[in-house]
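There are two complexes below, and they share chain A, which is joined by chain B in the first and by chain C in the second.
The block that comes next holds the complex of A and B.
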């Protein structure tokens, strides 16, 4: 089976710990539920991701080299 | 009139309405279907009862006492003889019937399951998702239960027959059960070994008594429940048939009344606001007469609104229903009337239900009932609330005027007299205000209205203008006509991007069209073949200031779509600069000054040299005069020319579309980004002026002879085509001999088609090359194609050489008759000419058959465009509706209206496409820009050092405040008398 998460077009998805989540939430002044969502079943997610976790996604960007975004894992 | 304070809406809650509330708010019960009596007075408790509000002027409302205009109207009500279903809720009713118990009304879910769905509901709300998903899941789960988990009653399936009929489907023992069992016991005729099932075998298999089995077989005993199941299992036969039990609205209402509040909550419905039984109507609210006004026709006859007609129907049936029921009419008749009442109430709410014939007017036109008033493009939401008609707007045909700046618009005097701007009279503008009023409404610039300090508005007329002018004083308001320099908003539909609506400065002109500079055609996508445009005069100081700073054409030079300039030289301007800079022609002093006379350049640079004692200037030199002194730029134009600009001097290269054109002309783009929008505006204006002078200096025209090529060239073209025909013929022969090898992934037929297309394509290209070789460099068609002003080399090829293969759906033309395209050809003729190859040129003329094929290809293009525009229009509408609630916040995130983050940084890089360099080769030299601005601003180093860190751009918000052609200087105050 192809592991989609290893494809060059799929950006890096990493789980972040609760501390980092909290600091990110305060930085943007958002509630957890106001983050963009990602489905648990999404093949780009690391296997250990659980509902309620937050993943950090680092994409390549032509203008800023790296573009960071966060998503909340939902069912 | 008293002013009402505006209030902020905190929240809007949608729910169902209690029938008791309908009664409470009703002004009157409606019992008669009649509207007016013989004397023309409204009948009491009729549909036009005066307590429902007033529409005739002069009458007083019997409920609130106010007159027509200030009375909004009041609802009445009709007591329905029997409950009916509200069509808007049929789906929800179906779901509730399926999810709840027919006996106890409770939700068929165990307490644990209920808990789970409640949690789901809460999670859904937190995540801001659609609660109907949970409702659907809960109903799906509850429907599975065959018995109620609370009272144990068996549950039946609910069948919904659209729009408003519900059945309970029950499996009951079929009437012919004994025959079914007997036939199942017969031996299989196809199987010799099968001897059938004897009653004793059956008794053994099913575990029933033999006597009982015999009773069943003789039809004396009905096997129900467990017995039936045992028999079915033993014989592998179905003994049931479906029994449909119609649920009347009253049954459904009783059923829903039993549903407890907590169970409704699990489904996401708030029971304090919406009880499910309220979805079954027992009382019908009657809209106030103000919502369905009747109109009096010229002949004195009254014509009622569609809603009134529908209400008349409802009341009539309602009365008949009651009479029949009281008279003890048979059940069948009652049911018919009930259905009829349901139909009328259904169509009163929505007259476009599928499966129901729409209620029609006597003329056959379907009635426009409640739903139809709200829905669709002309409905209340899209037609009346989102879209409004406005005052101070004008629309007329547009025409070009190259003498205007791109920021300006020529406004016909007649329009200027109609559209006004409010002047607050003060000591400083008193004289002017008086002069405007003195000029009256007919003179320009005049005034249409004045407002006294006490708030009274007076119309300025020809008669009273002199008198009124004397009274004007500080504190008055004067609505004066549009004058030169006013700011207005200008728009051309379809408004597909933000540059479709831009602000322009007014120049009042004679005649009847709006005039605009040709360089603003690309952003509006306008031409002058009869296009019309709209103009809006702004009515508040705030809007005028915003329009000036944000919306003026020069602020929209760069398109956010591709980050480059969308405004620039077009068509003749490009031909003009090309002629001026290509080959670097020389000009005498008179000629040079004439070229520059429409620009702000009034002194010539040092001459480039002397010719027979006379000084001369070159074209590149004159073009360079328009550039700022510190511009350095190097790029390759698409014609392959190396363009070099050093310190504001064009050193080498030809200025064409890639340098000054709209849609990404390098010079314009760089000026707008590195210098300023104002500088770019001045440049575009002046390039246009210079180019027009240049093209007129050289003279530029095109005629049919410019596309003709010499006879020998024609022979060469014919030769090229003839050889291509030979090659096609060869291919066909190989194919017919069955020797053609197919390309990978294609059939032999497809391979042949491809190869023929290839050969014919080559033939056209070589015809084009031959034609190109015989065109002079100064051929106007060539100049236009090379410079990018208009047309392409392909167009030239088709005009002079050969039009080439016509295609429909990307293939040679294959349609028409069986095996051939036209009856002129043999069937299965594969040759080039039989499938739409046009060997002639447009100039030489097409043969009738070629013409026909050409028309086929042309038609496809037209259809494609028509389909594309409608498709993309709808796509754009949906996209805009979805995106319109996204907003970039001050913290840099992009969020929707509920606060959900969509992007953590605008565009994931936080940059505006119009503020970044458009090519990697020419990055914006920020330090250079900063140094240049600082040097220009400060004379001494100390001042500069002192100021560093804070810098304010000079405000340049009008054509009347330089640079460029400073209009304020040339404009003297003119008195009108």
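The block that comes next holds the complex of A and C.
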């Protein structure tokens, strides 16, 4: 099987722990459910991700070198 | 990126990093300091401060209608685009939909593009050696009977004869030494696909209908033409081009395909599964996930505009479009069946398309409209909740000692 994470279109996805989620939510003043979503079966998602988890995505951005974004894992 | 700059020490770094700047700007500052041959800490702070204040100035203000600005910024150049669907693009002799039709196709998130295509990069020796590159081509390109030999129909004996071309077989099955094995394989494929018995001598394959029937005979020939003997059904043509490799500064062979089968191609031996791309955003979504799909939407829309010489559209507008389209973890179209159709407000939906249907449905279901959005408020003639329209002011009296009056200020909830 092809290793999806190696593809240049796929940015790095990392699961973050509850503590980091909370501080991120406070920083941006948003609720968990307001985050962009990612499907549980998304090929780029780490295997251990479960519904309700938050993944941190570090993209190679065109406007800034690295852009950090978050997605909430949904069904 | 952690390049080291000779004239940028940790103290300067600490000062610059103290300002809330994006990575790219920080690096620009370091580069500038480097060019100047170093600065003292005070100067560094001054530079960082100036950059930071310019950066803050250029940021989008709160309550700015970014969506509307993006829509206008993409829409206006859109009016200058060609209505012409086809054009032989600079890359290889492959037809690709361009201009307005392509842009519409992208934001509508069509299940399959009008002209699907892939750019397939190769690995190691496959990329350097034309013969090896061809091996990959034959594994991808759908090979039909017409490419392998001649078909003749013998009406008197009610048989179809296929005379396979030995050279073609040897070329397209480079890994099999024995032509006989290949011919046997082809005969079996025909038997499986058409449900007939075949006779074979060397490279000549014969078969006919069970019962003598002229109609059935012609039907068999038709079906025979559609059988894919090798390769992927969706890929009708592959073009090889020699291109410069940006990373290694060398040259490499790159394959362009007419038709797309992204998932299948990624697992073919010799294909570089880290750089190969498809212009079908749904295939990218299925195989690489929503983030890759977002990236592809940006690339494709930008490329479409660039082809038309309209690349002065700021990439941020396209990024916004891609963000919205992938916000729910899957690709949604912008139109009535996607984003615009799933708005909360009845009036906003009705203002977009098929007004009467929306109003009727809303009336039947007794929907309410909270008038939170922009469109709703334009319709009812109230201030819209963007810019200064979103700020609530409350008047209080100033007491004699200069302190604020004792009024309870409720924070606005939006």
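One rule holds in what follows: the second predicted complex is superposed on the first by the 75 of 75 C-alpha atoms of A that agree within 3 Å, B and C clash if a C-alpha of one lies under 4 Å from a C-alpha of the other, contacts with A are read in each partner's own complex, and residues count from 1 in each chain.
Just so we're on the same page, contacts are C-beta pairs under 8 Å (C-beta built on N, C-alpha and C of every residue); 3 or more make two chains touch, one makes a residue touch a chain.
None of these values were measured; they are calculated from a predicted model.
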Practice task
Please name the chain, chain B or chain C, that touches the greater number of residues in chain A.
Solution key: C
Practice task
Using the superposition on chain A described above, determine whether A:2 touches chain B (first), chain C (second), both, or neither.
Solution key: second
Exercise for the section: Quick one: classify A:64 as touching chain B (first), chain C (second), both or neither. Expected result: both
Practice task
Would you sort A:29 into first (chain B), second (chain C), both or neither based on which partner it touches?
Solution key: first
Exercise for the section: Have a look at where A:42 lands relative to chain B and chain C in the superposition and call it first, second, both or neither. Expected result: second
Practice task
For A:10, decide between first (touching chain B), second (touching chain C), both and neither.
Solution key: second
Fill in the blank from the handout: Footprint intersection on chain A (chain B / chain C) at 36-37, 59, 61, 63-64, 74
Handout entry: Of all residues in chain A, those that touch chain C in their complex
Key = 1-4, 6-11, 13, 36-39, 42-45, 57, 59, 61-66, 71, 74
Handout entry: Residue numbers on chain A that touch chain B, as the complex places them
Key = 28-31, 33-37, 59, 61, 63-64, 67-70, 74
Handout entry: Residue numbers on chain C that touch chain A, as the complex places them
Key = 1, 22-25, 27, 266-267, 273-275, 277, 284, 286-292, 295-296, 298, 315-316, 319, 323, 326-330
Practice task
In the complex, go through chain B and note every residue touching chain A.
Solution key: 126-128, 891, 893, 895, 898-905, 908-911, 916
